[in-house]
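Look for chain A in each of the two complexes below; its partner is chain B in the first and chain C in the second.
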Partner chain A sequence: MSEKKLTKWQFISIGVFFMMGTILHTSFVSAIAGRDAWLIPIMGFVMFLPTLIFCWRIGNMFPNTGLYEINELVFGNIGGRIVTFLYFLFFLNVATLNHVEMSAFSATYLLRGTPIVVCGIMIVMAAVYAIKKGIITVGRASGALVILMLVLNAISFIQAIPQMDIDFTAPAMVQSPGVYARSSHISSTIMYGEGLALMVFAGRTGKKVNMGKSMLIIMLIAMVYMIQIHLREVLLLGPLVQFTRLPSLEAARMTGKSDTVSRTESIYSLIMLLCSLFRVLISFFVSLSALRKVFRLKTYQALVVPMAAFIAAYSLYALESPEDSYFYAVNTTPFIWALFTFVLPMFTLVIAVIKRKAKLPDRGGAV
Partner chain B sequence: MKKTASILLALCMPFLLSGCWSSEEITTLAIVMGIGVDAAADGEYEVTVQIAQPSNLKFMSGGDNQDAYFNASSTGIGIQQQMHQFETELSREIYNGHMEMIVIGKEAAEGGLEQIMDYFYRESEARFNIPIVIADGKASDLLDVELKLERLPVSRLAGMLSTNRVDMVVRKITMDDFLRNAVSNSSATLPIIEQLEEGALETKGVAVFDKYKMVGELDQEQARSMLILTNKYGGGIATIELPDNGVFTFEITKSSASVKPECENGELSVNAEVYLEFRVSDVSEIGELYSDEARHNAEKMVNAAMFERLADVITRSRELNADVFDFADIIYCRYPRESESSIKNWDEEFRNLPVSISVTSKMYSSGAVLKNIQ
Partner chain C sequence: MIFVIAGFAALTAYELPGLIKRRDAKEIAAVTLITAAALYYFVCYALSVNAWSPMDRLVHWLESGLGLSYSRFG
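Then we have the complex of A and B:
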């Protein structure tokens, strides 16, 4: 693995590309919020702001230090490893759920006829290969991929304009508050919350990288990206957005004036696959890193294949079917994950502040 | 060791790269270009698929058009079961990705389209933007219509809906259009196509649906008026009968409707303002059209005739208890809170909804003549 530190823009591009992987998860929000789905990324962002502030403060207190190292600095040797193990469980779940969604997408839309197990194993093999080759190297390529994604998305959006109907967004914000609360919570914990994985990379960033500021930039770009994706879905599908399993792809299939142009859906499908793979890859990598920290291993290389096998088995058998995964993701995940995306960062910050304040008199004496 | 593994991997590559697990050669696929669904006995469906024969689809002058496709039919419960039946019969995998048209028999539409639409909605190969038409009779007959310039009957049907904009009476309705209406409070419509005895095709108004069930029809003029009121009219020829069996024919070149909902003291109403521009096509009783007064009289005549037609389609839709104008959605968008209870009871509300219509028109041109032919 390369020992070179990540620059600010490399870190941001990794983050943005990771966040773009939520494209397969838009139905989590649109199935609930319907025509208002495009507003949910804004509400989700507001809901995620406290976590972002916690991360910013923690990042300022421990500059250029990875999440797991911070855990040990804050909670001590044993406590830190326990908290890191909790994060391991979280990121393992993130990897698993993303893996299931991606496998189901591949088997349903791209490789029809191929058993979902085979798709799942292929995805895991790709992840193993990338991690063996060095995740940072892969991450550095994300800059080009982010630009490619943004360009293709812009083309796809422009292409769709003739078929869009602005009336599909009306009336806005008249649904029950529960609809907005639930969908914003999902957006906050799943879409944005999974971004906590990026904190693990803080230890690999150069000295000029401000974690909090970079995270804010990443989340803001992700918010705009998600608004655009949801808006396109709503403007094209209208009320059907609530009933469609993969609104992004269905919207892409409806765009284009001529047949030749409309068949760009294949490219769009590949983009979705690439983004999702990156999300699986990053969450897989950060779970491996957590395990390495917990067991004090010099390298995680020996864990890569067993962990990959575990993820494949867990995602394909424990969750039984993509339907199970979907209902688990929408109904259970947001509540469990709030522990990791809100409570743990807050707890870490509180303990860190208390510990630092406890040390202040000594410092004061020295001055 | 590493070198040996690399060599072995390189040797394996040609086999791995030869194709993916689920690869399907075109020769193993039955490419469905159109599908027809008719009602059969005991709640079963007769499904007809139009399968392209790609080798015969090449452009050529003359030749036997029938070779470019063949139709296969099967009867049973549901659509999916019939699809499997076709796969067994044809020894090929059915491929819906290139489907151009869904044709539903009138009887099947009257029985309800829930199951049929559900199949296409769940089927991930089929696109949401496939046009749907109702056959005035059997769908299988429409899929076997005589060909003129096209290579496939579905292409003729699809072309008919596309060129319909020259004189628009019905418009192309796709699966997503239909489903959007079916899941809302509005009523969906689908064009009806009739096959005449001599093999010609004709649009015969639209079928009106209450959710998924066909509840009636709008004739050609009513269908045109519906399009005008919903702001989806692309223009076309209209006629007004004059006294003494005369006819005033005009072409509507521009049409716009502004439908504004109102809510006063909780009472909902709709105010529709329609503006038309037309050019005179032909008049049986040649009269002066070049003075301001004559032009004004012609406009007044068009206003009155169009008002009657718009009022007629509203009356008809009330009879069918079908809001084909999307009034429910328009009202809900403007008055979401005030209309909440009315929308829940929309069937009843729609029947009693006050709708005021005003029509203004402008004679844009009287054609390429300066004076009347005397």
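Then we have the complex of A and C:
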């Protein structure tokens, strides 16, 4: 693997591409918030602010240090490995559930009739190839891919404008507060929260990269992207947005003329496929890195294939079906994810601040 | 499914020379552990029997045991 460090913009492009992978998860929010789904990314962003503060503070305290290395610096050798193991379990499940979603999407919409297990294996094989080639190399290529995805997205948005109906957004903000709280919780823990995986890359960034600032830029771009995706779905599908499993793709289908597979739908399928593959890839990689840290291995290369086999196999049983994955994502998963995206980072930050204050008189503030 | 298991076994075996060369006990332990876990799920799938899933158990426990789920609120 190349020893070169990631520049600020390379890191931001990895982050933005990872966040664009939420495109398969828009129904988690739109199923609850309906016509107000386009406002939820803003509320979710506000709920995610404490985790961003964690990224900012911890990034300043430990510049150019990855999340797992920070755990060891804060909690010590054994404690750090325990916390890293918890993150391993979290990111492994993130990778698996994203893999389940992507396999179901491929088997249902793109490769109809193909068994879901075959789609799943193809996805992990693509991930294995990318990781074996070097994740940083993939990360560097993500800059061009992000621009391509944004252009494709803009084209499909412009194509859809004639069919959009602004009245579908009205009346706005008149649902019960519980609806907004629940959908914001889902947005902050699943959509934004999984972005904590990017903190693992901090150790691979150059000296000029400010983690907090970069994460803020990534999340702001992700917020604008998600608003645009949800707005497009609401303006095209109207009340149907609440009952559709993949509103983004259904909205793309509506903009197609009479062909069975329109150009818009093909473009959109490509966007969804690439973005979600990148999300699986990154979460797979960060779980692999966590395992490497836990076992104190020099390299993770020997773990790549067995871990890929595990993810492909575990995704068959992680939850009973892809529909279960959706059901739990809107009901229970936000509570579990909050432990890893809010409670654990806050606990780390508190301990780091306490340790820093305790060491202040002897070491002049250095940790 | 037999082909899938055989394929992954072959790919894992591809890593074997490197593993033997390095003689890193921790690395061998990690690879064995993950491969065994993967095989457990693949064999369960091939035999069409249920497998134990920590994620599935956790969400069920949170939902029915602790009541920590939005489904309670309708």
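Operating definition for what follows: the second predicted complex is superposed on the first by the 354 of 367 C-alpha atoms of A that agree within 3 Å, B and C clash if a C-alpha of one lies under 4 Å from a C-alpha of the other, contacts with A are read in each partner's own complex, and residues count from 1 in each chain.
Rule of thumb we're sticking to: a residue touches a chain if its C-beta (ideal position, glycine included) is under 8 Å from a C-beta of that chain, and two chains touch if they have at least 3 such contacts.
The model shown is predicted, which means the values in this text are computed figures rather than measured ones.
**Q** Applying the touch criterion given at the start, work out whether A:T332 contacts chain B, chain C, both or neither, answering first, second, both or neither.
**A** second
**Q** Contact-wise, after the overlay, does A:I267 reach chain B, chain C, both or neither (first, second, both, neither)?
**A** In the superposition, A:I267 touches no partner, neither chain B nor chain C.
**Q** Now for A:Y314: first (chain B), second (chain C), both, or neither, which partner does it touch?
**A** Only chain C is touched by A:Y314; chain B is not.
**Q** Which partner does A:I82 contact after superposing on A: first (chain B), second (chain C), both, neither?
**A** Once the two structures are laid over each other on A, A:I82 reaches no partner at all.
**Q** If we overlay the two complexes on their shared chain A, which of chain B and chain C does A:G178 touch? Say first, second, both or neither.
**A** second
**Q** Looking at chain A, does chain B or chain C touch a larger number of its residues?
**A** If we count touched residues of chain A for both partners, the winner is C.
**Q** Looking at the overlay, does A:Q301 come into contact with chain B only (first), chain C only (second), both, or neither?
**A** In the superposed model, A:Q301 contacts chain C only, not chain B.
**Q** Could you pull out which residues of chain A sit against chain B in one structure and against chain C in the other?
**A** Comparing the two interfaces on chain A, one with chain B and one with chain C, no residues are shared.
**Q** Please name which positions on chain C make contact with chain A in the complex.
**A** 1, 4, 8, 11-12, 14-15, 18-19, 22, 24, 26-27, 29-31, 34-35, 37-42, 44-45, 50-56, 58-59, 62-63, 68-71, 73
**Q** Report the residues of chain B in contact with chain A in the complex, numbered from low to high.
**A** By the definition above, chain B touches chain A via 20-22, 24, 121, 124-125, 127-129, 176, 179-180, 183-184, 329, 332-334, 336-337.
**Q** Inside the complex, what are the residues of chain A that reach chain C?
**A** Residue list for chain A touching chain C: 89, 93, 96-97, 117, 121, 178, 182, 291, 295-298, 301-303, 305-307, 309-310, 312-314, 316-320, 324, 327-328, 330-336.
**Q** So in the complex, the part of chain A that touches chain B is made up of which residues?
**A** By the definition above, chain A touches chain B via 108-109, 111-115, 118, 167, 170-171, 174, 237-240, 243, 250, 253-254.
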